[in-house]
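Order of writing sets the labels: A, B, C, D, E and F. Residues in every chain begin at 1.
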Amino acid sequence: MPMVQITMLEGRSAEQKRKMAQRITDVLVEEAAARREAIVVAFHEVSKESYASGGVLMVDKGK
Amino acid sequence: MPMVQITMLEGRSAEQKRKMAQRITDVLVEEAAARREAIVVAFHEVSKESYASGGVLMVDKGK
Amino acid sequence: MPMVQITMLEGRSAEQKRKMAQRITDVLVEEAAARREAIVVAFHEVSKESYASGGVLMVDKGK
Amino acid sequence: MPMVQITMLEGRSAEQKRKMAQRITDVLVEEAAARREAIVVAFHEVSKESYASGGVLMVDKGK
Amino acid sequence: MPMVQITMLEGRSAEQKRKMAQRITDVLVEEAAARREAIVVAFHEVSKESYASGGVLMVDKGK
Amino acid sequence: MPMVQITMLEGRSAEQKRKMAQRITDVLVEEAAARREAIVVAFHEVSKESYASGGVLMVDKGK
């Protein structure tokens, strides 16, 4: 009964999330023998001002 | 000092969240002997395009 | 289809977690009109060396 | 730069986690145009006493 | 390769998040010997109706 | 009332976590005007078999 939580930058389309949810669910069914109906996937989308790597906000990258 | 994080579809009213926070806090105090003041509850609300079960986005259910 | 994630100190018994899971699920059914079968609750238990409040690890409290 | 957090029952082998991490990363690269090097996947494994669905701990299912 | 997830009330400026991300990353580099480039920090900002302590929503505090 | 959740590889000492918790709490007090007593920090430590970057488990890096 896996719960998958994905934190990523906002801006992906519903179609992109549809495919990700579908394929990630497939992976868990095929590799972890999880029951399909029991898998939940949630996308937590954050702005470029709320996400940093290497200590630098995404909004400041490439400046 | 439990932290409770609830991921759910957006659309619940403040009154619903008020009662959930109150009652879930009561549960932790009564069953886990947690100190009331130390319990935090956060609701992470996601859209129907950002939540899937069984590999299907909520926005596509019932179609 | 709410996901509930609870981070708390290790040491609670199965019976305590049983009651918490049961009652928190009841709360979500009654207050958020969530479908019972779709609610998942996970307990993430951490040691006193892995939990701090006010900047002080639990293992150092009361020293 | 997605972060993927997967909460699931303990008991999967390293080989299963290896394949899941690999394939989920592929999905994010292919569907979300994420940069491969920037994707992190973490598995949070919990015991059957720390995971409930429908208000019932996994350890009590099938009893 | 630490992932840092911070749940807090909405309302902080980009400048505040910039400094927090920078300084928290410094802490992980200096104290945990983490590689700077591998550290990600995400801010999950919730409204006063979605955050409770002691069983009381922030929106109801001080009433 | 920020909640800070840090997912990282296991193996850090209590002393390292003590300093991280202390200094991260300081950062939130100084930069976000958070109330010190209300800040919680939790470390979720995972094994090298439960953490991947770039699609590769940490246990397989450098092989």
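Everything below uses one rule, namely that contacts are C-beta pairs under 8 Å (C-beta built on N, C-alpha and C of every residue); 3 or more make two chains touch, one makes a residue touch a chain.
Every value quoted in this text rests on a predicted model; they were computed, and no experiment measured them.
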Larger contact count among B-F and B-C belongs to B-C
CA centroids of chain A and chain F: separation to the nearest Å works out as 20
Averaging C-alpha coordinates per chain, one finds the centres of chain E and chain F separated by a number of Å equal to 12
Per the C-alpha centroid definition, the whole-Å distance linking chain A and chain C comes out as 23
Residues in chain D with touches to at least two other chains are numbered 1, 3, 5, 7, 24, 38, 40, 42, 44, 51, 53
One finds touching chains in the pairs A-B, A-C, A-D, A-E, B-C, B-E, B-F, C-D, C-F, D-E, D-F, E-F
In the complex, the residues of chain F that touch chain D are 7, 44, 46, 49-57, 59-60
In the complex, chain B touches chain F at residues 1, 3, 5, 40, 42
In their shared complex, chain E is touched by residues of chain F numbered 1-9, 12, 16, 19-20, 23-24, 27-28, 31-32, 34, 38, 51, 53, 58
Chain D contacts chain F in the complex at 5, 14, 17-18, 21-22, 24-26, 36-45
